[in-house]
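In what follows, structures are represented as structure tokens.
Presented sequentially are two complexes of subunit A, the first with subunit B as partner and the second with subunit C.
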Partner chain A sequence: MLNLKNISFSYAGREKIFDNIDLQIDTSLITAIAGRNGTGKTTLTRLIMGLVKAKAGTVELDGKIISDMPSYTLAKYIGYVFQNPDHQLFASTVYEETAYAPSKLGMNAEQIKKNVSQALADTGLSTKQNFMPQTLSLGDKQRLSIASSLAAAPKLLILDEPTSGQDCRERTVLLRLMRKLNKEGIGIILVTHDMDILAEHADRVVVLADKKIAFNGTPRGLFADTEKTTAFGLELPEAARISNEIGLGLCLTPRELYKKLAERRKSNDSK
Partner chain B sequence: MVKDKHYKGSDLRWITITTLLLAIGVILRIISPNVGGISLNWNIVMYSTAILLCRPSLRQGFGIGLVSGIIATMTSKAALPYANLISDPAAAFVCALLAGTHFLDIKIGRVRLEPVLVIFITTFISGGVFVTLTKVILSLPMPLYLYAMMPAVLLVAALGSIAGQLLYFPAAKIFNDDNTLNKKPFILHDINLTVPKGSFFIITGVNGSGKTTLLLSMAGVRPSYFGGFENSSIHIGEFDVLKENPALLNRKIGVVMADYEAQLVTETVDDEIAFSLENTGMAPQDIIKKRNDVLKKTGLENMGKRKVASLSGGQKQRLVIAAVLAMDTPVLVLDEPVAAVDPEGAKEIYSLLYKLNKEYGKTIIVAEHDLKYVLDMKAQMAVIDKAYLKFAGEMDECFKYMYENKVYPEVIPLRWKIRWEMEKNIC
Partner chain C sequence: MTANNDMTGFAALTKLLMALTVSVASLCTTDLYALGILIILELICAVIMGGGKTLWKGIGALVIFAVILAFIQLIFSTPLFLSLGSAYKMFIMAVSLLILVATTPTQTITASLVKQCRLPYDYAFMITAVLRFVPDLLKESKEVRQAQACRGFHPSKNPVRRIVDYMMILKPMVFKAISRSENMAISLSLRGFADKGKRTFMSSTKLHTSDYTVLLLNLCICVAAVKYF
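And now, the complex of A and B:
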């Protein structure tokens, strides 16, 4: 359980971004963070990761206060994947890149090797471990960023817009990986603009607006209220929009939509 | 029509490889030990290797030999250094001939023997011509020529060919020899595409299918180290993209790359727009006029003094578009213009592009795989799959084709799929 208590934050000389917020995130789930541009989605994850420090309040992970830990110590508990993978890739091979965090965290050679090969296998990069990170495709780079976080064996993984710039196929691979990691017990915090992804993959959604947590619940709970969703500056997922238009009730995913369509067809046939 | 294949090296490739290897050869020749007046002729070994790697034309081969000959003349301590000016070009010419015709491309088992054979012959010809000229011009005695000079030539040729054979394989690995280049498949294959003037054209396909290559080809960005086009032509109106001077192209076609950061070079918004205009030699007052015009068109007015670094992703992307617009090209190509932009910014960019197309008559070509922003436009679309152009036409027809033929169906918007699903049920 990740617990943010009475957090207030502002960048130097600017308006407050968070004003005394409380937030609990269940770290066994996939939690999405959504909101308009500039509401502090990325800042919130940076606060959790200790990359910026709150003016007031504490962050606790499983009862341990982490807000006063430096972020390099935090790397043991939390992995952070930047929106632009180029911001965090610097080693000359995929293997070295992945081995960097565990070696800096003082793991022994055997442990490093085990973690790295596990992380590379999980992310499907085993065959590319001698490649130069800069030569990989964007999708591969993104997964490499995830691998290098995973190698430190974190409890929580923060993904900031992990699918930007990728095509449908790469996106599917990445989201599948995310779910697999979550099943294996790693909590996921996903910052995303893409409501289709949010609706399909997130268990919980936190919406930021007006320096506050404006919503904290399930995606279904959020999208059931179209007016509220729009007021937050969010769009309905495409499936929900279509299902509303053709009167099928709220469908969050294409799969649900197809299913409801099939059901309606059946009931029409029986009539 | 665009056709692209990585095959034989272009000018830059053979020049680079030969220069590098020849330079190494000269250094090795200067520092290698001289035993009884005989030393390994590294120049020849190196340029033969280079010729084998690039298989240049006979004329180019002759040129390589001439350069090597001049270097040898200047560095040689032989009795008649000027003989190098004849012996080296002659040998390099023969070497290019042998390499070009693949005459000695023989294998025993898995080992290619071409390097050892060709380098032996080349070195022998060069040495033979050299000592013969020396003998004739300096009227040296016959026995010296037959029993000392010729055996020395043979020895040097034998040593050189062994060194060459050993050097060839790492060199081939570093520079990719001709044989591996030839095996590379087409990146774009047999593509025939006409983009009507003033249209909004979307090119879609999986990442790696060749979208970007196609776009960049149109913009004249073409491989100059490896490969190039085979039996291809690209025209913008009357303008022949592949034949004309690439520097003239920036008046015909504007390029916006996927990574806008890569395209922004100055500190402030104003400077960014002025940059390309200054390069064309435009007068300052005209630049200011033009700049105000494009900033207004792209919704960036009053931002002229802003630092580029302080702009949001969407604003940066619009700035790139503004800078390209300033060049007044009739065609704009954009490679995934919203890939790194948030949804609000993405919508703005597409409505800007739409406006540029409708109000200012620009032909807009976009590579895109996130199609939710272009659905409402009356656009034309083409889909590329593994180097082949599968379909080009109206957007809805293209979606239909992709749906029915299972070409990258993931990208088809859900709305379309559901509509077809429902139509099927009613029938």
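And now, the complex of A and C:
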């Protein structure tokens, strides 16, 4: 469990971004963080990762205070994947890039080999391990960033807008990977603007607004109240919008919408 | 916006000439009093011309750098007055440029270099493009450092290993800089950069009475400082 207690934060000389917030995140689930631009979604994840320090309050991971730990120590427990993968790619090969974190964290050679092979297999990059990272597509680069975090065997993975700028196929591959990793026991914190992704893949949603946690619950709970969703500056997912318009109740995903349409058709036919 | 289309009301050429005269004056003298007067003159200019926190932060960093420079020279048995002299000179030249950059929009500097200094546009643009990207590069280096810290990067205490460690920061930045310059070149070409026809500048570069007065005062102080000390 990740526990943020009484967190207040502001950047130097600027207005407060968080004012005494409390938040509990179950690290076995996929938790999405949503909110308007400037509400502090990325800042919240940076606080968790120790990249910025809170003015007040503490961050705990499984009962251990981590807010006073530097980011390079936290890398053992939490993987952070930046929105722009180019920020971290420096090695000459995909393999070297992936092996960086475990070697820096002092793992032994055998463990490094095992972790790197597993991370590359999980992310579908095994066949590209000798490629130069800079020559990969954006989707591959993003998965390489994930692989290089996974190789350190973290409990929790933070993904900051992982699908931005990616085509449909790359996006699907990445989201499947996210689900797979979660099934394997890695908690995911996902910062996203995409309500379709949030509705389909997140188990929990945290919405930030007015320096506070405006909502913390399930996607269904969030989108059930259309007015509230709009007030938070969020859009309804496409499937929810259509299902509301045609009076089918709330459907979060196209699959759910299709199922309800099929049921309606069946009941109409039987009448 | 002021009439001169910059943050201080003084034309870019005024600041350019002031930077030039102060720098030349500092090179013409070794007297610490004269150099001290030039530093005071620059600090007064910095106050008058504004520039805000960024300018003063920059000046603060230059003070530290000047102290280190003087200290290193002293270690290598350079006489005190020569060590201080070269630190003062470095400080004077760097601050004069810093005032220009921190208080003038880059497009105004380009316009001034082309229209008044008759520098070819390509070269003027190159100079201002470099100045424009310094803050971006600093921001980017911070982001790269943070991204690497998330993977366990922590620079070694050993100075030699530290240099090797910093390659991790430099490499992504170089790759990004290359890709950015390529994108920028394409984007500029697509917007007519290479066209040799008449170019219109939106920034006003005209000198006003205040500019002439400040320039004259600056020149007098520089000459007096060099001649009478």
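What to note about this one:
Going forward, the second predicted complex is superposed on the first by the 271 of 271 C-alpha atoms of A that agree within 3 Å, B and C clash if a C-alpha of one lies under 4 Å from a C-alpha of the other, contacts with A are read in each partner's own complex, and residues count from 1 in each chain.
The working rule: a residue touches a chain if its C-beta (ideal position, glycine included) is under 8 Å from a C-beta of that chain, and two chains touch if they have at least 3 such contacts.
None of these values were measured; they are calculated from a predicted model.
Overlay on subunit A: subunit B and subunit C clash in the combined arrangement.
In the overlay built on the shared chain, the residue A:82 is in contact with subunit C alone; subunit B does not reach it. Contacts of A:239 after superposition: subunit B is touched, whereas subunit C is not reached.
By the touch criterion defined above, A:100 reaches subunit C but does not reach subunit B. In the superposition on chain A, A:90 makes contact with subunit C only, while subunit B stays out of contact range.
In the superposition on chain A, A:193 makes contact with subunit B only, while subunit C stays out of contact range. In the superposed model, A:148 lies in contact with subunit C only, and not with subunit B. Of 27-35, 81-89 or 189-197, the subunit C stretch that intrudes into subunit B once chain A is superposed is 189-197 (criterion: clashing C-alpha atoms).
Residues 84 of subunit A lie in contact with subunit B in one complex and with subunit C in the other.
The residues of subunit B lying in touch with subunit A in their complex are 206-208, 258, 312, 336, 339-340, 342-345, 369, 372, 408, 410-411, 413-415, 417-418, 421-422, 425.
Put simply, subunit A touches subunit C in their complex at residues 46, 49, 51, 70-72, 74-76, 78-80, 82, 84, 86-90, 100-101, 104-105, 134, 148-149, 152.
Taken in their complex, subunit A has these residues touching subunit B: 36-37, 84, 137-139, 164-170, 172, 193-194, 233, 235, 238-239, 242, 246, 254, 257-258, 261, 265. The part of subunit C that touches subunit A in the complex is made up of residues 140, 143-144, 146-154, 167-168, 171-172, 175-176, 179.
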